[in-house]
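Two complexes come next, and they have one chain in common, chain A, joined by chain B in the first and chain C in the second.
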Partner chain A sequence: MQYRNARRKLVNVLMLSATGICALVTVAILIAILAYLAWNGWHYLTWTFLTQLPAPVGQAGGGMGNAVVGTGKLLLIAALTGIPVGLIGGVYLAEFGGKAVGFAVRYAADLLNGVPSIVMGIFIYTVVVLPMGHFSTLAGGLALGVMLIPIVVRSTEDFMRAVPSTLLEGALALGVSRWKGVATVILPAAARGVATGILLSLARVAGETAPLLFTSFNNQYWSQGWMQPIASLPMMIYLYAISPYKNWQQEAWAAGFILLALVLLVNIGAHIILSRRQSVQRG
Partner chain B sequence: MEDEALGKPPQARSAKIQVSHLDFYYGSVQALYNVSLAVPQNQITALIGPSGCGKSTFLRTLNRMSETVRHTSVEGEILLDGENIFSVDLVALRRRVGMVFQRPNPFPKTVFDNVAYGLRVNGGTRGAALADAVEASLRRAALWDEIKDKLHKSAYALSGGQQQRLCIARALAVNPEVLLLDEPCSALDPISTAKIEELMFTLQENCTLVIVTHSMQQAARVSSHTGFFLLGRLLEFNETNILFKRPGRKETEDYITGRFG
Partner chain C sequence: MGASAETLTGKPAPGGKGQVRTFFRRLRNGDEIAHIFTLVFALTILLLACLLVYELYAHSAVSRHKFGWSFLLSRSWDPVLERFGALPFIYGTIVTSVIALLIAVPLGVGGAIFLAEFAPTKMSDGLTFIVELLAAVPSVIFGLLGIFIIIPIMRESVDPFLQSHFGWLPLFQGPVYGVGFLTAGVVLSIMIVPFILSISREVLLAVPAEQREAALALGATRWESTWQAVVPYARVGILGSIFLALARALGETMAVTMVIGGTPSISSSLFAPGYSIASVIADQFTEATGQAYLQSLIELGLALFVLTIILNGLARLLILATTKRGTAH
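Let's turn to the complex of A and B:
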């Protein structure tokens, strides 16, 4: 009896420590990445770095202003194309999709979400870049936009489904048509959650590199328009990190830090929006 | 014509809703069998019966909310003021036949916006007219004095009983001729319940009410007529004091004396 008790206690302690250690590893990895990026890149983190063009090899100074602007422009196109499709598709799934159609669309979205991002890049290369004859901001933005769709569809659907169906019933009982009820009651009730999902999806694709390799490619100068290749932070990191020049490698670290900081900020902002929603509902 | 006028009992002549031979199916499962019933105008009709007897299903056919569930079908006839509800416009029908649900379901909007919702979405009422209509509806729901300072606060800030009366005010705002109440007090405390019962009494002046309730005391207190449902059939329908004092059927008596259900 005593032996079994001791054994039970030991197993308990072991299992608890195992869960604790794994949780700690998760946090430690994030902190390690952040610290490492900051340590290697912090002395490049200046206003100049964020606003200037890259300097030629061997020259001091210079920055990644074009890549910062480029990432912004790529995300803008991605948002303009991916969010409307994802949002409306998500609303359809949550409120109007029948069993069979809903299953098919949901499954397709999950598969699309699982398509390796480099395949997405090749796809856009074939349908946009080849016909146009050259890389472009538009193609890069579209590649990211296609990646947004499944994420936004699923998060929109989840947040809309979380709204109690009794609210829609209340609207329908007042003689409101179904789509009007969804648009005026369900969507506003889910708005913060839906917005959070959209922000998180943007943060997720902001760091994608592979889809940009064949689409927006890169540019050493300021963007020459939507139809021309453009620089972006992930591409800049990739090219600088594999370059043989010491200061370029360090700039890659700094760019990585900026990108990660951007994603973290969006994440934190999204979670603040979401927690505010809950306090309003309780209030 | 003459036959009709002579052949029907007195209350049927002033029937607001006339239901004849209603069958209802969820897929292939039949939930209502041959229900016929005349809901008297400007009175309160209560529907009682054990869980799953079909009384809520019946209530939800009266404003065709039953159609929001997929794969349902209905046979028979429901006349509202002599007009077949299955051939009138759904929006128009539901504006005439309002509904209050089992659990308070205010929208996540302000108190004002909740009451104004139906008028805004379908009628386009605005400005002072809208504010007046909102105040009138809240007064009719006996809620105005309690919450006139909270009009622009979230409806979730109200108590459960206030939320349910807010939902009644929201339904009243579009001036329905009939108000269906699906166990409106089952989630409320006795004091809130008493307030809603009182409210129902005053509402019947301008409105015909049909209430589904699990509480036989409530049915006895508020209604003029009561229908007893069992296993999808309307077993008995009569004036409330007759049904409760001298039930015509053994099953009704067993149910109201608490022998089952």
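Let's turn to the complex of A and C:
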């Protein structure tokens, strides 16, 4: 009996530490990634890197200014197309959604969310690139825009539903029509959460590479308009990382550093904003 | 929205005349306009999803008619003779995903158990946030790290170690390149751990406290209460998180493309280079010449799409089943 109890206690301690180690390893991986990338990326990051065009092979210097601008342009198109659809679609699901239509739309959003990003690239390729006949900024932006939609829909619906229904009922009791109640009471109450959700979704698609491979493709120069191919940070990281040239690989590290810093800053910021909102509500 | 709000705005009463009158009243105060306006955007989402399925189906017609179902079982991938089969890529996808799950499931579920059951709340929330950050890191950055950190480690230490100790297994024979199935699986495992961990933790937290208390009251140690009373209760949801992670792993493109090596071959050795479905599309799509070649790649995309949709649906059902049951108590 005593032996058995001792064994049970031993198993208890062993397994508790084993699970602790699992958690520790997972967290350690992230910190290792951050540290390594920060160390390497920071090293090669210079002002000319952010503002100049890539140098020809074998020539020192040069940068990724065109890729920085390109990522900005792609995100602009994505935001202009994806956010309205996602936001208003989310409002529909939260406030006006009927049972059958609501279910179908929610299912469609889930389906779009689960589509592998490379398949999203194929989709936009068949819809935009094939009819147009060439790669373009527009196609890349649309690919990212479609990826934005399900994320924005989900977060908008969740944050609007989180607003207590008594607020809307109060407005309705004062004789306001439903849409006015939604627009002037629910939306402002949920605005912070909805905006944060949008920001997070933008950060997520900013790092997507696979949908850009055969939509916006790449460009060694400053972009020549919305209908032409364009460089982007994720594409540059991909192409430079697999290249055999030492200085290109170093530039890939620097670009990776910028991209990761952007994504992590937005995520940490969003976390702070959302947790502050909660504590205000509780207090 | 509560039912009270619906009654206040006047749900259309059943029957013709009343319905028409309510409709006009709602139209006058703008409700019906707002409804239709938002509905249009919501239907756009539905339309996009349908269009996506249609486009994938329509643009793989040449390949589907030429090869039929044997496409999925053929081993040849010959752009010159225009003979295409998906088997090497299906094999690569399965092998890399299985390796990833073998590493990520113990790590993720173990970590989730620790964070949900044993760690203090503050520490648990903090560590979970860090892990969720890991999920936000773009795929291409994992590829970058894979090329410059993981490939050298695999080539110089892990692969030779496995070869010298387990070389009698066909899995660990043959030349070591650094790139290959095993490396891709390792990179994938790092990418899917956050999903398993954070969802499993959520599912475990939804297990009612009575489960733990009852086991502890009977004299169980904390581990026994967790393993015999909490984990079985959350089993279905944990399985759901694994399915979700699997769906991610199957569709993961950039990181795998950068470390898998890129050869359309089936090899029993895990050190051998190969291709997954997603990575062959990424690698060859822009250079695909001829309809059969391009449409074969699109058909691969269609197959990948169908697979991930099924897995995602299953995962969602499983997770929903547990968290609902948990909170209902």
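Basically, the second predicted complex is superposed on the first by the 253 of 283 C-alpha atoms of A that agree within 3 Å, B and C clash if a C-alpha of one lies under 4 Å from a C-alpha of the other, contacts with A are read in each partner's own complex, and residues count from 1 in each chain.
Definition applied: a residue touches a chain if its C-beta (ideal position, glycine included) is under 8 Å from a C-beta of that chain, and two chains touch if they have at least 3 such contacts.
What you see is a predicted model; the values in this text were computed from it and never measured.
S.K.: Of the two partner chains, chain B (first) and chain C (second), which one does A:S177 touch, if any: first, second, both, or neither?
M.R.: both
S.K.: Let me test your reading of the model: by the given contact rule, A:V185 touches which partner, first (chain B), second (chain C), both or neither?
M.R.: After superposing on A, A:V185 lies in contact with chain B but is clear of chain C.
S.K.: Return first, second, both or neither, reflecting whether A:L239 touches chain B, chain C, both chains, or no partner chain.
M.R.: After superposition on chain A, A:L239 lies in contact with neither partner.
S.K.: Quick one: name whichever of chain B and chain C touches more residues of chain A.
M.R.: Result: the larger residue contact count on chain A belongs to C.
S.K.: With both complexes overlaid on chain A, does A:L50 touch chain B (first), chain C (second), both or neither?
M.R.: neither
S.K.: Considering only the touch criterion stated at the top, classify A:K9 as touching first (chain B), second (chain C), both, or neither.
M.R.: Once the two structures are laid over each other on A, A:K9 reaches chain C alone.
S.K.: I'd like to know which partner A:L167 touches here: chain B for first, chain C for second, both or neither.
M.R.: A:L167 sits against chain B, while chain C stays out of touch.
S.K.: Both chain B and chain C touch chain A; at which residues?
M.R.: Touching chain B and chain C on chain A: residues 169, 172-173, 177, 180.
S.K.: Please name which positions on chain A make contact with chain B in the complex.
M.R.: Per the touch definition, chain A meets chain B at residues 98, 164, 166-167, 169-177, 180, 184-185, 188-189, 280-283.
S.K.: Which stretch or stretches of chain A touch chain C in the complex?
M.R.: 8-9, 11-12, 15-16, 18-23, 25-27, 29-31, 33, 36-37, 84-86, 88-89, 91-97, 101, 104-105, 108-112, 114-123, 125-127, 146, 149-150, 153, 165, 168-169, 172-173, 177-180, 182-183, 203-204, 206-210, 213-214, 217, 234, 237-238, 241-242, 249, 252-253, 256, 259-260, 263-264, 267-268, 271
S.K.: Give the list of chain B residues in touch with chain A in this complex.
M.R.: 63, 65, 68, 70, 90-95, 98-99, 101, 103, 105-109, 117-118, 121-122, 154, 156-157, 167, 170-171, 174
S.K.: Okay, in this complex, where on chain C does chain A touch?
M.R.: So the residues of chain C touching chain A come out as 1-2, 4-5, 8-9, 29-31, 33-35, 37-39, 41-46, 48-52, 55-56, 58-59, 106-111, 113-115, 117-119, 127, 129-134, 136-141, 143-145, 147-149, 190, 193-194, 197, 221-224, 227, 247, 250-254, 258, 278, 281-282, 285-286, 297-298, 301, 304-305, 308-309, 312, 316.
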